[in-house]
Structure formats: structure tokens, C-alpha cells
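Naming follows writing order (A, B, C and D), and every chain is counted from residue 1.
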Amino acid sequence: MSFLFENSYYIAAVGLILIGLYIMAAKKNLIKVIIGLSFFETGINVLLIAAGYIRGGSAPIFSHPDMQAGKMVDPTPQALVLTAIVIGVAVLALALSLAVRLYEHHGTLNLRKIRELKW
Amino acid sequence: MQIILLTSFGGAFATYLLAKISSRLRDVCAVIVSGLLVVFVALLYNKTPAATLIPSFVGAPLTVRLNMLSWFFAIAIVVVGFLSIVFSFSYIKGKERADFYYLMMLLVNAGMIGIVLSADLLTFYIFWEIMSWGAFLLISYNRGPALRAGMKYIVMSVIGSVVMLAGILSLYAVYETFVFSELAGRIASASPAYSLACASMLCIAFAIKNAVVPLHTWLPDAHSEAPAPFSAVLSGILIKMGTYGLILVLYLFVGVKLFISPTYVWRGFRFVLLVLASITILVPSFIAVMQNDAKKVLAWSSIAQAGYIILGITFGTTLGFAAGMFHFLNHATFKALLFFGIGAVEYRTKTRDLNSLGGLLKRMPITFIAVLVGTCGLIGIPLTNGFVSKWLLYKTLILEGSPFLAFIALIGTWGTILYGYKLLHHVFLGQLPEKYKNVRKAPASMQFVLIILSLAVVVLGILPGIPLKLINTIAVSMGMDSMNINIFGIASETGALNTVNILSVLAAAGIVVWIILKASKKSTRISQEDNYAAGAAIPAERYSYTVDFYNPLYRMIRRYLRDIFDEFYYWIAGRVQAFSDMVRRLYVGDVGCYAMYILLFLSALILSQVWWRVW
Amino acid sequence: MVNPVLLLAVPLGLAFLTPLLAFISDRIARYVPVAGMLFNCVVSVSLIPSVLNRPIIVQTGGFAPPFGINLVAGPLGITLAAVIALVGLAVSVYGLAYVKEGATVKYHVLYLLLLTGATGVVLTGDIFNLFVFYEILCISSYALVAYSGDKNGVEAAVKYLIQGSIGSGLALIGIAILYGVFGTLNMADIARNIGSTGILNTTLFIALAFMVAGFGVEAAVFPLNAWLPDAHSSAPAPISAILSGIAIKVGIYVVVRIVFTVFGAPSMFMLLVVIGVVTLLIGEMSAFSQNNIKRMLAYSSVGQVGLIVFALGMATTGGISGGLFQIISHALAKSLLFLATGYMIYRSGSMEISSLQGMGKRMPLTCCAFTIGAFSLVGLPPFAGFPGKFMIVRAAIAQQQHLFTFLIALVLFGTIIEACYFFRIVQAAYFTGPREEPDAGKQRREEAPLFALAPMLGLLVFIIALGVYPEPVIRLLDSCAAELLNRFDYIKGVLG
Amino acid sequence: MRSLIAVILLAVIGLGLALCLSDMPFGANHIATAEKAGRHYLEKAPQETGSANVVTAVVVTYRGFDTLGEVTVLFIAAIGLGMVLYRRKKQEGKPPQPASFVLQTGCCFLFPLILILGVYIFLHGHLTPGGGFQGGVIVASGFLLAYIGCADMKIRHRWFEATESLAGSAFVIAGMAGLAAGGSFLMNFMPKGNFNTLFSAGIIPIIYIAIGLKVGAELTGLIANLLERAE
């Protein structure tokens, strides 16, 4: 039980990643797939943040003069996650706009039916 | 040397560019280029220049050189090339994309010159490929069935060059050089199995070009569908590039001493080659008999004649080598002559179907004489060059104790006689069909070519010493025994060849026959319709005896002479196509599946590491 | 000397400025990618001599690696940047004529950003920065595939996007694991931390597996390449050209850089060789009986990727420089092919091979360009494809192992198949269709416009020049191969 | 069937991930030594960049190049979205119901406040949590609210595009200025100022303003493009 608690962030991250991948591989509605993509990206972000956590660390901001650098969490993953989130947003936005377009052309979002390009 | 290559390649493109200005200029330029090449190559007789084209190309220099062997091939190439360009003058006039045609003709020519000049395998391969794709574009030129022929040609050709590439690079992997002179004889030092593998890879490539039997299937289609002047080049010299390659491999790399030595490996290898060569003589000769397309007859005949050449060369004695080389030269002359002759007929009558032609003797006399001479050469009638080379070959085979091979070669010659006569008869003799009543004789440029080549056939037949002397020099330079050559033939203890004797015997026989004919009763000419036909007048058309010419023979041999290899290759091609169609179905079009592929790949990697620690 | 960072900063700035310029005039905005790529071309070529001596390490923000992001302008990076700029320049000129409808300004901006992303990937020395530029490349190509907004384009873009984002997500997981283990993102630093272990431990291997699987999606190795035939065949011609010529090469670069430089994992080389051959065979076979010409070219790209990966996986100087040469020659030839087909399809209105008949008459120059591109891909001399294939086969045979003998036989078999389908198209273009009188054809000529022809002829000249005299490029590539093979030199060069 | 296969494959991948994560235990101090970048940032960032918020220092200076790329990605998304949705077919359907009066008034009331909050966030990026991206997102959310609340809301796309473009160029120009002044791209060449005050940290606030404006404009553009019906 304590194992679960200790690693809850990791478990959440891996869980989100796996759920996202499962949705993307197995679901047939494009919107669901995009949601899955979102899950997947969130999972990765959580993983990144969790990887940068240092037990007992505070946010890496020197808002008071008496804060110590030794007591802070790693700032790099936070910067990375910022970037990763923005990239994720960009991909999601593009995916949604493509979904709009796809619906106009095919009248459906069922990916099993949208199979004009094959072989 | 560089001038030759520069002229040949630069000339090709210059011709193409000039063609954009005027077609007259193009013709003139093409002739000048090919004529210049003849002059240049002739000037280099008995010289041995060497040069480097590019100091370093993928880590090895591109070098060229000239020696007797390559000069011998080069002169044949440039002469036939020149004649084919002259012949093309009227042949190609008025056809579409003539500029392109000239470009490719000159380019293929240039490629072939490059092949024989090259001093290392890399250069050789480059020019070989240029020749191959140039020929592909020319074969496809006629459209329609030519497309299929072109595809067949290029696929086999690519297979050949791929195998050759593997062979060349296997050699390189061991000896780290492409240069002929450094490779020469060094194969002897490698392990027999390895050198055999390299040699056979190269031999397969050359055999494809040379149309040795199991690999011949591209040739009949390609030869018959290509434009006539190119058929002449194709049959006369292009396929002989394979011969040149074989000579390089067998005589230079392996070394003739080793090749004919009775070691286990090489004896077997030589035996296989000899057997293939004799099959190549035997079967295509009779397949040619059954053809009804004039150029198909010639095409199959080319395979068979190439078989003679291979037989002579793989036999490996000086005399055999001389026979092969001389037959190469002869085949270049008479087969080019025949293709040109048939080309002239096709140009006038627009057909090559033997069953619908006939009686053109009166309409195209010079063409007839040319084809007659060519056929005589093909069959090997004395006083034509074909006789000399075949005689040399038989003599070799019998002297060296292979009477069985000699017998096969002889049977092949019977086939040659049959189809040679068939060709002559169906086109020029017999009944002239009504629609060809107004056929004119061939244009002057074509006649010029025909006459030149006919003269060559006869002159080489009477004075065989000229090329044989050359061949002797080549043979000696490759470490073989010398022959005793005089201008009229060979002097040797067992059965000398002297064309003067033959000439006098024939002259005497001719006089006797003439006297007999003179002395006997004079024949009377009667009209064709002047005979009894059960009261009905038979129209002249019905006197055409061309269909089902050798009917009994057909019925005898037909069932044995299916081209099973062709069918087999088609079957393979079909299988490959079907299989690749199956492979294509992997891309099912469903993105979920694709996502699964990615996950599959990843989990396979992970699993292999976690479970088996593969990586 | 010019700072290599300008290779990225200038195109980025230009791209940002383009919408402003478009307020003034759309015409000016159209020339922005040309200007940017011209600049990159000049700069990267001028940098080549100096990077051959010593790679230029560029710091950004004034912080030494591993603390700041740094660019590594080594031989490999600059060479690839030059190729990207060169092909990009040709294709952008072509785009001036070809892209007429729709949101043209947006197209040009995205096009420029795509190439900037590609340049960034090959130049950067930081693994997360590499990921960012990789995303720039990917996202702009998702959008550009759907540029025309037609049914196929959108469908292909959606599929490409889904697979691509799975791929980049997996790659990011790999990066996260690496960061978690080593606490650094600088590639040289990671490489130093990994050291020279012959066999990776499980954690590192899994990180590597995630990254290979992730970046492999863009590299289009089998089985990660299902997006490629769809995207390449449905995108507008210049985008197909860039995707095939540049984007997948960048993917290959990333995989190779990670496997060779970052991990230095000899055990993965064999994997590269094997998936290379499998990719090659599957690509060529799928192309073999294809009737849609663009799809066929796309599958042929798959095949070529296989060949390149196979060559790089051999991890010998000969193999790597052969593979890199093949990258260059394929970039030139395949983009030429796509450009040529673009106008052929435009004129004939169909992508079927059978609709190409008589094209040799209608568009002689375009057709000639196509033919030479095809010949180059097949590997016929004297075109650029020949030295590449030759070097690859030579390197493989020089390995003198039975496995490689077998693999090279498969590779050559693939080449034969490739030759078959390319020759089939060449025949269709030249020798089918109605026969015409020699002079009647002149009136029916509908050649591509000058702006489209000029880049094709430019690429053509390069293809022939590389085919006739490849030596300078090969010497350059040999030092690139050295860069890949000597990872300790790389580490020392970056970290001092 | 497909789900089953997917689950099996994902189980393997999950296993792999778990194996990896066991190697990097949660909460361990992985940047204990000084040569690690994270440690370096924590200890040196205040002096080197003058920014109190180390994350901001990392985002804008140490890893400023990433940020430039990130801005570019968003720019691509905005432009790509515009391109994909360009000349969209007119959608049939009932026009959206106008929002209730209360909602409209509320939105009008909240809209400027949200904008101010956004601007505050990105202005204080080097002092407090947040920064250009966060501020930009807040600005965009203000516009989103306006879109939802006021049905007839239209933005002037040209202005937003100009802002985007100008802000992006400003970022690159700031980088170039660093190259010219200090010898490396995106160098913090301006005076650092007093630590932990608004006017400090050199070019960080300038870049964050540019980013904030750009992100705000881009996200608004995205929202507008997705929400607006084709005219």
C-alpha cells in the first residue's frame, strides 16, 4: 500500500499513458482518439514532472531571501513540461481542425469507415 | 582515347542539340560522329594507350586502356555503328522522335566503346549500365509489343547487372582493386570455391547479355521488336559485349591456363559452360526454323550463333579461341547484313510476316543479293567468312577430342541451313503477292550499307588471314600458343585451311557446271499459268507456297521446342507480383491498426530485451 | 565566419515576419521561403570547409553546455543542413508556380517553418531541443499535407497526425527516462554518462527502444511507416517532395544520431540492418503493383529508407558514407520525381500510371527530368544513385559475413523490383499513347511553367554532377561517418 | 480482439516503463552533484540571469532556444489551423442561441479583468509562478469567455495576426541582438537590475511580454477559427 502511495505519481503517469495509447489503438471514433492523444500527452507531462521531483523540495522560486537552492525541486522538467504542453496544445488544435474537415468530407468520424487510402 | 570517348558521348548530345535546329544537320552530325569514331579507332591500331578518366570515383580511379583485344571489338563496334547510322537515314525518316532515336543510337554506341576501352571493372560496369538502359529505350521505341519486349529485356538486364555488381564487389572485397591488369591471374591464388563463385556471378551477367540458353528469353522479342538498324547493332555487337566479358573473366581473371586445367572445380565449370553453349546452338537453331516473323528467325539465329562463339571461346585452345573470335567478327558482319536487309524489306513492305511476303527478288535485287550473301555466311558456305570460322570450330572440336560437341554444332548448322533457306525463299523467291507489285528498291543509303557489308562477308571469307593474324596476336598476349597464319588461312600439320585451294576447286567446279549446263538442252521458259489444273485457271496468288513450309519437320520437333524457360520466368514474375500484392495489404487503411503496429514494434523490442536480453 | 545559429534564426524570423509582409503584398510573402532557403544554402555551404577541421559548437544564451542549449555544427549536421537548404530552395521555387489556390501565404510560412525545423533537428546538440524542432517539422507537415483540403489530403493528414503524435509521445517518454536517469539533456553529456558499455542495461535499452520507436515513425522504417504512403501520395506535389526528400531523412538522422552518438549501442546496429532490409523489401514490393503513381513513389521512398537504414546500420565508414550518399541522392532524385509528377498529374488530371501515356510528347522536359530521376533512383550510372548504391553494396560485401551476403542478396532483389516499376513508368510516359506525326506534337506541347522547370533542371544538374564526379561529396561524407563512429570525439568536441 | 491485442501490447510496454521507473525512484535527488544542469540552475540562476523564478530563467535564458521553438510550434498550429479551415463550407444549422443577459453582462465585466490578470502574469514571469505562456493562455481564455458569452463577438483577425507576427519577430530580434551584443544567440545582454523587482532580469521580461502577446493572440486565433462559422 505504501508502495502505491509513494509511487502514485508514477502510477498515474504510466496509467494515463497506457490508457491514452489504448484509446488511440482500439477506439474508432476520431474524437475519442483525439481525447486519447490528450490523455497520452498528459501522462507524459506528469511523468516528466514526477521525474523532476525531489522529496521535500519547494518550488524553484527565490521569492524570499532566505530560500535555499538545496531545498528546491529540479526546475528543468518544469520548463520542459511547459514546452511539451504547448506542443500538445498545438497538436490537439490541429487534430481538431482536421476532424472538422474530415467530418465535412466523409460525414462520419468513424475511423474504421474512413479508409479510402489504403494498399 | 579520351578523344574517342569525348567524341562518342559528346557527339551523341551534340547531335541531339543540333536536331533541335534542323533534322538535316542532325543526320550530318550523326554520320560525322560515327565516321570520326571509325577513323579514330582505326588510327589506334596496334597502339596501347592508357589513360585515367577520373582520378577517383567512389575511391577508385576510372581508367581506360586499349589493347589488341579491345581494339578488335572496338573496330567492330564503330563500323557496325557507323553503318547502322547510315542505314537509319532513310529508315527513321518521318518517324516520330527521330532526334531521340539518334541520341540513343549514339549513346549505346558510346557505351559499348566505353566497355571495351575500360581498364577496370568499375568503368566497365558504368559503361555497361549506360549501354543497357540506352538499349532499353531503343527497344521500346516501336511501341505496342515492343513495350513488353523492352520490359523483358531490361528486367533480365538489371538482374544481370545486379549479379555482376555483386561479383565485381566480391572480387573487390578480396583483392581491393578493380583494375584488370592487377586482377589478372590473381583469382588463381584465392580458394577455388570463392573464385568460382565470383567467376560464375560475372559469367551469369555476361551470359544474360549474350543470351546463353537458360537466360536467353529476352532476346527473341527484343531483337524482333527493336527498330531494324538497332536490331543489327543489338545482334551484331551488343550481345557480344557479353562475349567480351566472358573473355575477360575466363582468359584474364581466371587465366586460360587455369581455366582449361583439369582441376576438379574448373573442369566442372568449363564443362557446364560447354554444355550450355551446345544447347544454345542446338535448340534455338530449330526454334528459328519454326518462326514466321523474319526478324524472329534472325533473332533466334543470333542466339544460336552466339552459341558457336561461346563454344569456341569456352573451349579454351588457341584454335577454339580463334574460331570464337572470328565467328564474332563474322556474325557482326553477316547478322548485321541480314538485319539490314530485312529492315530494308520491312521499310518498303511494312511487314515482316514471312507468310505474306515473297517474290521480291525482281523488285529489290540488291537487297536480295545482300541477304543471299548474308545467308551464305550464316550457313557457312565456302568463300564466305562464316565458313572459315565454323571450319575452325569443327576442327578444334574434333582435334581436341570432343566429336560429340562437333556433331551438335553440325546439327545446329543443319538448322541454320533450313531457316536460312526459308528466310531467303519466303522473302525473295516464290510468288510475288499482288499488293507488293509496286514495291521499289531500297533507298541508296540502305543499299550502300548492304553492299559494304556483303563485300566484307566475302572478303573476310577469301582473306581470313587478316583478322586471324590479329586474333593470333591477342591469343599470344593472353598466354596461349601461337598459330601459323597466312593471309589465306591457317597452315598446320593436321588439315590446313587455304582459301586459295577452295577458291580454285570451286572455280573448277563452277566451270564444269557451266559447261554441263551449256552442253545440255536449253530450257524453255513458260508462263506460270501454263499448266493443267483440272480445267480451272488458278490465280497467281495461289502459287504461294510459303505457309507450312517445313510442315513434317514442324510436326516432329514442335512439341520438344517449347520455350519452357520463358514460361518459367513469366511464372516467377507472376508469383512475385502476386506476393507483392499481398504485402501491400499490410497497409490496411485503418489508423488504429497502424497505431497497433507502432505499439507492436515497441513491445517487441521491450519484450526481446526483458525476456531474452537480445540486445 | 558566420554563426551557424543564423541558419535557424534567420528563417524563423522571416517566417514570423511573413504575415506582416503579406499585409503589404501577397507577392512578397511568396518569395520569403526562397529568400530564407537561399540564405541557408549560402551559409551552410560556406561553413562546410571550416567544420571539416573542427565542429563548431554554438552556445545559445551564452551558457556553456551542458547548461545551455548548444548547436553542434559538425560535418554531418552542416552537410545535411546544406542538403535541406538546397532541396528546399528548389522546391520553394517550384512552389511559386504550383501553389496558386487557397491560403498561399500560410502555405509559404509553414513550408519555411518545416525546413527550419528540419535544419534545427540536424544542428542541435540537445535532445529536448531536438524534440522541439522535430515537432516543428512534424506539425507543419501535418498541416501541409492537408493544404488542399480535399478528401484524401485531410484523411492522410489525420492518419499522419495520429501516428506522428504517438511517435513523438513515445520519443518524449524516452527523453524523460533519460533525464530521470542522468539529469541532463545534452546529448554529449548523456553519451558521456552512458560511457562505452557494449551492452546496455535494461533501463537504457528501454529508453532507447522508446526513442527508436518514436523517432522511427518519422524515419518511416517498417512497421512504423504506414502514414507515409498516404501522406506522400495525398499532399500537394512540393510537399510530397519535401516530405520524401527531407522529412524522412531527418527522421533517419535522429535515429542514427541517437543510436550511434548518444547510446553508442553496437547491439542495435544489427537491428537497424534487419529492419532496413525488411523495410526495403516491403516498400519495393508494395510499390511493384501500384497503379497510383504518387503512391508508388511513396512506397519507393519506403524502400529507399530501408536501403539507407541498412547501410547506416552496418556501422563501417564505407557503409555510413554510402548511406549518407544515398540520403543525398535520394533527396535530390525523389524530390525531382515528385515535382515532375506534380505537373504531369496537373496536366493529365489523374494519378493513374495509364494516364501518363503520351506525356513524353506533351511535356518533354518534365518527362526527361522524371526519367533521369527514376534512373538515378534505380542506381544507373551516370546518375547520383549509382555511387550511393555502389558504396552500400561494396560495404556490405566487404563485411564478408554470411548474414550480410544473404541480406545483400535481398537488397539487390529489392533493387530489381524497383527497376521493374520505374522502367514501366518510363515506358508508359514515352512509348504509349497515340502515335503522332513528328511535327504535330509541337503544337500540343503543354510544358510546365518556367518556375517549375527551373528547379527541376537544377536538381537534374546536381544529380548528373554527383553521378559523374562524386568524389568531393564522398570525402565530405567520410568525415561525417567519422563523426558518427567516433562518439568520444563528439563528446570531447562538445564538452571540452 | 483488437482490444485484447492492444491490452497485451500495452501490458508489455507498461512493464517496460515500470522497469525503467524502478531505476529512477520517485523523489530521489537526482541532481545532487554540481555538474548536473538542474543543480547548476538552482544555484547560479539568480546571479546569471537576475530572475527570481528559476523556472523562468530556465525557460527564457538557459533553454531559451526551446522556447523559441515552442513559440514556433504554436505559431504553426495557429497558421495550420487557419489553413486547414480555410474556405470551409458553410455549415447548415441553427444559429446559436444568444446568451442570457446576465451571462452577457458578466462576461463584459469579467473580460477586462481577465485580460489584466493575464498581463500581470506575464509581466511578473521572472518573479512569480507563471510567465508568458500562462499569461497568454489567460488572455486567450478571456477572449474565449467573450466568444461564449457574446454570440455576435468577432475579432479582427488582421490585428491578431499582426500582433503574433510582431511579437514573434521581436523574440527573434531580441535573440539576434544578443548575438550582436554578447556573441551568442538569445544572450541576456541587458542589465540585470535589482534582484526580485519588476525591472530586473534583463531581457527576460521583454521576451515574456512578446511571448505573452503572441500566445494570447495565437490561442485567440485558434479559438476564433474553431468557433466562428464560415462567413
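A few remarks follow.
As a working rule, a contact is a pair of C-beta atoms (placed from the backbone, for glycine too) under 8 Å apart; a residue touches a chain by one contact, two chains touch by 3 or more.
It should be emphasised that the depicted structure is a prediction, and the values quoted were computed from it without experimental measurement.
Judged by contacting C-beta pairs, the busier of the interfaces A-B and B-D is A-B. Nearest to the common centre of all protein CA atoms is the CA centroid of chain C.
Between the CA-based centres of chain A and chain B the separation comes to 68 Å, rounded to the whole angstrom. Put simply, the C-alpha centre of chain B and that of chain D have 73 angstrom between them. For this pair, chain B with chain C, the centres built from the Cα atoms lie 43 Å apart. The mean-CA centres of chain A and chain D are about 16 angstrom from one another, to the nearest whole unit. Residue positions 128, 132, 135, 139, 142-143, 146, 149, 154, 157-159, 162, 166, 173, 177, 180, 183, 185, 202, 206, 209, 229, 286 of chain C are each in touch with at least two other chains.
Among all residues of chain B, those that touch two or more other chains are 584, 587, 591-592, 595-596, 599-600, 602, 606, 610. Residue numbers of chain A whose C-beta contacts span two or more other chains: 17, 21, 24-26, 33, 51-52, 74, 76, 80, 83, 87, 90-91, 94, 98, 101, 116-117, 119.
Interface of chain C with chain B (complex): residues 158-159, 162-163, 166-167, 170, 199-200, 202, 205-206, 209-210, 212-213, 216-217, 223-224, 226-227, 229, 265, 267-268, 271, 281-282, 284-286, 288-290, 360, 375, 378, 380-382, 386-387, 390-391, 393-394, 397-398, 400, 408-409, 412, 415-417, 419-420, 423-424, 426-427, 430-432, 435-438, 441, 468-471, 474.
Residue ranges of chain D in contact with chain A, taken from their complex: 2-3, 6-7, 9-10, 13-14, 17-18, 21, 24, 26-31, 37-39, 41-43, 45-46, 52-55, 57-59, 62-63, 66-67, 69-70, 73-74, 76-78, 80-81, 84-85, 88-89, 127-129, 131, 133, 195-196, 215, 219, 222, 225-226. Contacts from chain C toward chain D in the complex involve residues 3, 5, 9, 12-13, 15-20, 23, 58-63, 66-69, 102-103, 106-107, 109-110, 113, 116-117, 120, 124, 126, 128-129, 132-133, 135-136, 139-140, 142-144, 146-147, 149, 154, 157, 173, 177, 180-181, 183-186, 202-203, 206-207, 209. Every residue of chain A that touches chain C in the complex is listed here, in rising order: 17, 20-21, 24, 30, 33, 37, 40-41, 44, 47-48, 51-52, 74, 76-77, 80, 83-84, 87, 90-91, 94-95, 98-99, 101-102, 105-106, 114, 116-117, 119.
Note for the complex: chain A touches chain D at residues 6-7, 9-10, 14, 17-18, 21-22, 25-26, 50-55, 59-63, 65, 69-70, 72, 74-76, 78-80, 82-83, 85-87, 89-91, 93-94, 96-98, 100-101, 104.
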